[in-house]
Amino acid sequence: MIFLSRKEHFNAAHKLYNPSWTEEKNKEVFGPCANPNGHGHNYELIVTLCGTPDPDTGFIFDLKKLSTLIREKVIEKVDHKNLNMDVDFMQGKMASTEVLAYEIFNILKKEIELQCSNAELYKITLYETPRNFVEVIREK
Amino acid sequence: MIFLSRKEHFNAAHKLYNPSWTEEKNKEVFGPCANPNGHGHNYELIVTLCGTPDPDTGFIFDLKKLSTLIREKVIEKVDHKNLNMDVDFMQGKMASTEVLAYEIFNILKKEIELQCSNAELYKITLYETPRNFVEVIREK
Amino acid sequence: MIFLSRKEHFNAAHKLYNPSWTEEKNKEVFGPCANPNGHGHNYELIVTLCGTPDPDTGFIFDLKKLSTLIREKVIEKVDHKNLNMDVDFMQGKMASTEVLAYEIFNILKKEIELQCSNAELYKITLYETPRNFVEVIREK
Amino acid sequence: MIFLSRKEHFNAAHKLYNPSWTEEKNKEVFGPCANPNGHGHNYELIVTLCGTPDPDTGFIFDLKKLSTLIREKVIEKVDHKNLNMDVDFMQGKMASTEVLAYEIFNILKKEIELQCSNAELYKITLYETPRNFVEVIREK
Amino acid sequence: MIFLSRKEHFNAAHKLYNPSWTEEKNKEVFGPCANPNGHGHNYELIVTLCGTPDPDTGFIFDLKKLSTLIREKVIEKVDHKNLNMDVDFMQGKMASTEVLAYEIFNILKKEIELQCSNAELYKITLYETPRNFVEVIREK
Amino acid sequence: MIFLSRKEHFNAAHKLYNPSWTEEKNKEVFGPCANPNGHGHNYELIVTLCGTPDPDTGFIFDLKKLSTLIREKVIEKVDHKNLNMDVDFMQGKMASTEVLAYEIFNILKKEIELQCSNAELYKITLYETPRNFVEVIREK
């Protein structure tokens, strides 16, 4: 089994805020992350496919196509956006790295199934900062 | 001449928006950076002093004190904040990296003059992303 | 399954030295790593939990709490220390990255079991240098 | 189970070119990567062993020996070389990162079986650029 | 004085070879860098302007325009190319990092003078590898 | 003026300790850095020359020779050593990054004057950690 990964990035604002809680409870649980006017990050997104190289190209999947797919289906929706206010697939959800990564995984899983015959999505890794990151791995 | 540098970081939201312009002109000039709900970055701030090492300590300046000074005078004011809305020293100014770096330089210059006898602020470097950064160097 | 990681760091001295061997055998096996007065590293420690996000917070585990836990239980015991001489949980053990990582894994495993209901320790990664690192993964 | 990794690097030229295709088809499929005179990369190679630390040394495998083994068996054959023209184990194969990683995995697997009793090759990771990389993991 | 920098990258093949020397002398002076079929690198290029921020935008220069300018005038000519064979401005010159950086500096200097009123080119930094790099700074 | 840089690294133990002070004063001024048994770092050393490229080679200085010179004159004396106890040129001096960088600058300055006709030492940069570093620049 061989794994192929591509790294992309986006810049977004967010806040951690549970609307069913009081302002005080949000501040208590999320601390400065609950700042009403938000803060932001340079997110790094690594998308990992697994599969078998095509004998004609040596490719599991064309990296230019993978980059285009990630940009069209994910980056364009979140880059230079406010994750709480501007992103359709995050509506009504907590804007934590865990939830954001899980949603991105599901979007990419469907697209890669449609576009790719000899590979499938194995994992995404989402860095919120160089010190905080989340991985979502497919169920076997 | 010897130079001593300390790197700190902060996470902030901002947008590029000139309030004396129309929404259309802002969009035209700043593109996605003018998104009304903002976006954000993991900023990296490097503060560089120049001076002569103290013979008793071997230090130009104590790095723990420098870190504390940077955190108290700069990081606490911008970390997990919206640069356009929450930061006093950015009120009425464009939230570009150039302007933000210039304001941070002036804040730190004064503090280091007060606290330090054998060194002075030489430069600050502010990374907005790993690919975009600004330096402000003191006039000779 | 979702994985959440936090990176911390510490600076420590160590030497590789087996006290049941002669000085010559230590030098032969460990080379410059056996230097009697020691050498040192900037260690990077990545702690990875797996679990399910809490629906109220979107968190597998609060990263500030995870950071505090790692600092109190591990970093304070090893940072600015000599691993062979100052660290209780390394007494009588080889100060290799493999052994150090294994001991840190066991300390963190217990603490995370105590403090966390919807996640558990999955892996630790310990960088001795940017080119040498060790991972310890839980048994299934 | 404990995993030990060592990172090495090499600089090589290559092109993506299928000799059974026309120049036009190569250009269409591989784009600028099919440039007849080639282009190149700073490749980063991470080799990961798994095993049990030796009680006398605390080592899964001696990292200096692992570094020497990787250099002698892989780096010397590809560093400052043209992967399409100068490398025996790539003759007649596509010079994609997937294929190169797979060949390097097989070379190292044999060598580590010969030289190492308490560890075996688990994975190699090959970075073509900081944004494109391939992993080959052993079958269980 | 404020400095604004933008980082771009390109992947290219090259060899170090003086055509007025024998093959033996080239091998003696340049070692593996003289390999006839070439090798290659992931080059990183940092372009630094100095100037005064425009009061309406807060910008020394628009980073999107700077990125486009660097790509059109430099990256498109060298990316996925062989520096010895495919690049017009390197014809008849040694493909060392020093010479390449000097030529890129001169190309960008002219363009930035044409396109920019309140800033000028101060420096370029060209990384051949993470450990080898060259800077060209303007004469005062 | 063109600048050529080479990065090397070494791993060393040290402590910050002024022998003319009491243990208490050392602890008060240097905190955990005064731990009697020491701690350590992965130091990164960047050596920057300035000069004019040789027309025959395109080189300011041969990077392999520069690497060898740095290793023989500096790295071999400090790598896998205790800076306070094992390094001749640090005897009787504070083992701060400032002092260490200054001593390394002076050693390299002499050697490069001897070995190099068309370049001279311009600067050294010494990283103690990724967040703390010192530069020494030649007087004009």
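Every chain is named by a letter (A, B, C, D, E and F) in the order it is written, and numbering of its residues begins at 1.
Quick note on the criterion: a residue touches a chain if its C-beta (ideal position, glycine included) is under 8 Å from a C-beta of that chain, and two chains touch if they have at least 3 such contacts.
Here the structure is a predicted model, which is why all the values come from computation and not from measurement.
Asks: Give me the chains shared as neighbours by subunit B and subunit F.
Replies: Chains in contact with subunit B as well as subunit F: E.
Asks: Shared numbers divided by all numbers used: is that above or below half for subunit D and subunit E, i.e. same or different?
Replies: same
Asks: So if I superpose subunit A on subunit C by CA, what angle comes out, to the nearest 5°?
Replies: It works out to 120 degrees.
Asks: In terms of C-beta pairs in contact, which of C-F and B-E ranks higher?
Replies: Between C-F and B-E, the larger count of C-beta pairs in contact belongs to C-F.
Asks: Matching over half of the contact pairs by residue number, can you pick out the copy of the B-F interface from A-C, C-F or D-E?
Replies: Matching pair: A-C.
Asks: So which chain is farthest from subunit C, going by the mean of the CA atoms in each chain?
Replies: Measuring from the centre of subunit C, the most distant chain centre belongs to E.
Asks: What is the distance in Å between the mean C-alpha positions of subunit B and subunit D?
Replies: From the centre of subunit B to the centre of subunit D is 42 Å.
Asks: Quick one: subunit A and subunit B, Cα centre-to-centre, how many Å?
Replies: From the centre of subunit A to the centre of subunit B is 29 Å.
Asks: Specify, in ascending order, the residues of subunit D that touch 2 or more different other chains.
Replies: Those would be 130.
Asks: Quick one: which bits of subunit F touch subunit B in the complex? Just the residue numbers, please.
Replies: 16, 18, 21, 29-31, 93-99, 101-102, 130-137, 139
Asks: Give every residue of subunit D touching subunit E within the complex, in rising order.
Replies: It comes out as residues 9, 11-14, 32-33, 35, 37-42, 79-82, 85-86, 129-130.
Asks: Can you list the residues on subunit D that touch subunit C in the complex?
Replies: 1-8, 48, 53, 56-60, 62-64
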